[in-house]
Amino acid sequence: MANLAAVVGIGQTKYTTKRGDVSIAGLVREAAQNALDDAGLNWNDIDAVILGKAPDMFEGVIMPEIYLTDALGCNGKPMLRVHTAGSVGGSTAIVAASHIQSGTFRRVLTVAFEKQSESNAMWALSSPQPFSTHLNAGAGGYFAPIIREYIRRSNAPRDVGIKVAVKDRLHGARNPLAHLQRPDITMKEVEESFMLWDPIRFLESCPSSDGACAMVIACEELAEQGPKAPAWIRGVAMRSEPTMYAGREEVSPQAGKDCAADVYKQAGISDPRKDLDCAEVYVPFSWYEPMWLENLGFAPEGEGWKLTMDGATSLDEGGDIPWNPSGGVLSSNPIGASGMIRFAEAARQVRGDAGDHQVEGARLALGHAYGGGAQFFAMWVVGAEKA
Amino acid sequence: MPESEILNQAFELGYTYTRSTGPVVGRFLTGLRDQQIVGIRASDGRVVVPPMEYDPDTAEALSEFVDVSDEGEVVSWAWVKHPREAHPSSQPFAWAMIRLDGADVPMVHWVRAKDESDIRCGSRVRARWADETVGFITDIAGFELVGE
Amino acid sequence: MKQIAIVAFHQSRAVADAGACNEVEMIMPVLSEVYQQVGINNAQDVDFVCSGSCDYLQGAAFAFVAGVDALGAVPPIKESHVEMDAAWAVYESILKIRMGHADSALIYGFGKSSPGELPIVLSQQLDPYYLAPQWVDTISLAALQARLMLEQGKLTERDMAEVVSRSRRNALNNPNAQLAGDISAEDVLADEMYLSPLRKADCCPVSDGASAMIICTVEKAQQWGVPFALITGIDHRIETHNLGMRDLTDSVSTRLAAEGAGVADGSVDVAELYAPFSHQEIILARALGLDEGTSVNPSGGVLAGNLMMASGLSRIGEVFQRIVSGEAQRGVAHATSGPCLQHNLVTVVEKA
Amino acid sequence: MSDQREPITGIDVPISLKYNFTAGAGPARFLSQVRKGVLTGQRCPRCEQVYIPPRGSCAACGVPTEEEVVLADKATVQSFTIVSIPIPTNPIEPPYIIANLVADGANISFIHLMSDCVNEEVRIGQRVQAVWKPEEEWDYAMDNIRYFTPIDEPDVPADKIGKLPVSGWGA
């Protein structure tokens, strides 16, 4: 049996296109310091640091934990660097939790970041390799055909993606840290926005952000002594499958289904829509909400879009299972941190500490991240109670 | 299985990153543009050049800037007989750890010397400023040996 | 704390250029060797997989993703990755086993360093404002460290040459070594300086290759019915990035990790140290408190072949092999990362 | 040297690293055939699925793919996107169609351009064929095929995509 562990401190930066006022270290440090302050701790209280980010090429700093040691108060301590593509923020939190759940440490700091303004993610993802077809059209180009296939199978109306785009931006307007602040966004505006990778429109895509997210995770004894309510980690799961293999189900990847089943089992969840109070799910293109609603078992296959259209996932429409109350990846996307933000926002909800985007009475929440060609999954369930 | 040909192709991973510096790194680079070298005082009182943003021992954010000399002493050095293309000099040169006067912690930069035998630990060196200083580490176009 | 058993290890030959061989093709043969050692089919038969690699070695983002294609990850598997030497993947895997989420784990590391100019590529792991833009390569930084040792009388050029000579001679018995030969310290000293005070032989070669390991609970090892050794201690520490604020003639982080791993709790028969430069082996041996009784780098160490991102894992594997063969009872493996030994991991492996 | 210039808050840092890329053994065998105008897949000895372009392993089974299978240059549209933004390092003018195509005889899609078609009429299940560059321009590259263009064959039902024999789909 794993030891109990809980999130006792959460720190984030404001997400924005370019944090021109800080160095890379300064950005990472800001989130880490905020997490320590939130936990009422100082640097000496931390036993180890676990760092995550997406490819080093985004900032052009190889193995940045080496340079970030001093900013993260890690001189003389263990430092681990995780990289699992877009799911990395989630995986990093899970690896950090394992430092406590294994009984090896009592309190660790975990941080994930991306300073995308230092480069251009599209560039780093599209850098041509010899002998390959130079047709890499970025993440949108990869996911658009999969979305098209989802629409074909489910017969979903064309405005589902538009509705998600509006819903998550309205959620984001409640979250002062969100990059996009669009309280006035309309369906018409999204519909009329430029079609980038048909069927994905500009406003149905995530922004490119600078930002960092950090958490302090502690053992049971120390978590109970903290100044604020802990978010107890009730289940952790990761799954991977290859990017391309014959017969691969790309619309609803098996790795996502298995990962969800695993984390639900640990947390004692049999009906995720009923048992969970809210979810922070990695939705970088709006159509991924209905797709993940099905993949994660919130709706039967082919019917995820109905929940979206019924307002079930909307805070503003009083939905029963709000998805991405923080605004989600569609409102802020510092790639390497995006997964950890989902995990941290889930924790904020069950701590009752989510401000204007608090889901009333949230006791159990899902944090979700995915990466690569929708092949790497990381999920956790956090709760207000230990079990 | 048929034998594979070996297919090679050169490629360049080239990109210009636009880095924001934050106040500490920015202050140092601004100093370089003005041909001034600035360090920062660590929690134990030592002056560190170039300035670190965070103290390695206490993890505290540092902020007390200290002007130091552009002249100092070689603490360690390595002789590059065959410079690499990326290196700052195409002539043989020395990488060095240099403790500037007024600083306690040596910095890594390079030293211009004709021959390996011209340099030793304890050699005095002075920054040679680039013709145009722009606020970049290469504003110091290497250090030159100072006659004793 | 749950005891961890090492049950399988394999390393590919360290070669200067793996030629027409991509990541997957480099990894698959190594994995199939470790599968055979415990009698399993593929990664489906372990509970967790963790790898270590670095995108910049071959200059492609997400290089590690290709590694998954070598695993047989259908149906999906529990898998993770560190952008570090795979020795740290061992560390992550041990945590997974200790927390009860896995009974067994497959770990692999791979690196094809030959396509780029490795010492220059690695200069970009330095701080991005002061050092990386100067393109200070890793060999030059190690040379600055060696000079400090020499100046302070902490070693002589002859001491370094003896490390090289022993490495080359030991490597004669290591079929995976890239550099091996019966050369004496005098032979080494007769060579000209490469990057003074380092001679070429003081520096590890650039190699391509991969290695893999399987670890598990003792119960699982007994179930598999294969010889195993125990990991009785593991710890890793990083230290300040500022080279000027470190005592480069010592390795404080190695000392701390050795203490955490319990190196001093018994005699050390064998030590495999990830010392990419000869003088660093001496720094490490001192920091670990090793004495005459310890056989250091019997494989030849990384001076005989350095699989970036896998060399640290291979050090653990080399010690494991010597213990299960009965050559040693207790050994220490070390892995490093960053310039001038900034980050160090120490593992104690003992006879079961 | 005091001056009134603004303090430095940002710097441009050029990073350039040179590599000599070597194709893997599986990809090299594939590219050698493409150079001769032939598309070859590689069959997994375990699950018998045919991969193109081969990357050295069957990703599902984690075993080397060795047996080579000559494929048709006819394919089926598995899915596609109409791209309206220019792609860095990509000279093609938008809007253009990038499709996931499964060649007859293969069990997995590759991406390629579609052209000589009405963008609005492109659909999942559509039949297409390669339009090759002149033979004298052939190199070790998939862009020996300039693009794929629709052909007059009935659409393939979704559940048959990726399962056609090399002899193709009844005309």
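A, B, C and D label the chains in the order they appear, each numbered from 1.
Just so we're on the same page, contacts are C-beta pairs under 8 Å (C-beta built on N, C-alpha and C of every residue); 3 or more make two chains touch, one makes a residue touch a chain.
Everything quoted here is computed from the prediction, not taken from an experiment.
When every chain is reduced to the mean of its CA atoms, the largest separation from subunit C belongs to D. The mean-CA centres of subunit B and subunit C are about 30 angstrom from one another, to the nearest whole unit. Averaged Cα coordinates give subunit A a centre that lies 30 Å from the centre of subunit D.
Note on chain placement: the centre of subunit B and the centre of subunit D lie 46 Å apart, centres being C-alpha means.
In subunit B, the residues that touch at least two other chains are 4-7, 9-11, 13, 15, 17-21, 25, 29, 52, 56, 136. Shared interface positions of subunit D, i.e. residues touching 2 or more other chains, are given as 9-11, 13, 15, 17-23, 25-28, 31, 59-60, 140. For subunit A, the set of residues that touch two or more other chains comprises 20-21, 23-24, 57, 59-60, 69-70, 75, 123-124, 127-131, 242-243, 245, 248. Because contacts link each chain to all the remaining chains, their graph is best described as complete.
Subunit D meets subunit B in the complex at residues 1-3, 5, 7-23, 25-29, 31-32, 66, 68, 140. Listed in rising order, the residues of subunit B touching subunit A in the complex are 7, 9-11, 13, 15, 17-25, 52-59, 61.
Subunit D meets subunit C in the complex at residues 11, 13, 15, 17-28, 55-57, 59-64. Interface residues of subunit C facing subunit D in the complex, by the touch rule stated above, are 18-25, 28, 31, 42-43, 56, 58-59, 66, 68-74, 114-117, 120-121, 124, 128-129, 132-133.
Residues of subunit D touching subunit A in their complex: 9-10, 13, 15, 21, 23, 27, 31, 44, 47, 49-51, 58-60, 78-85, 87-90, 98-100, 107-108, 110-113, 124, 140-143, 158, 162.
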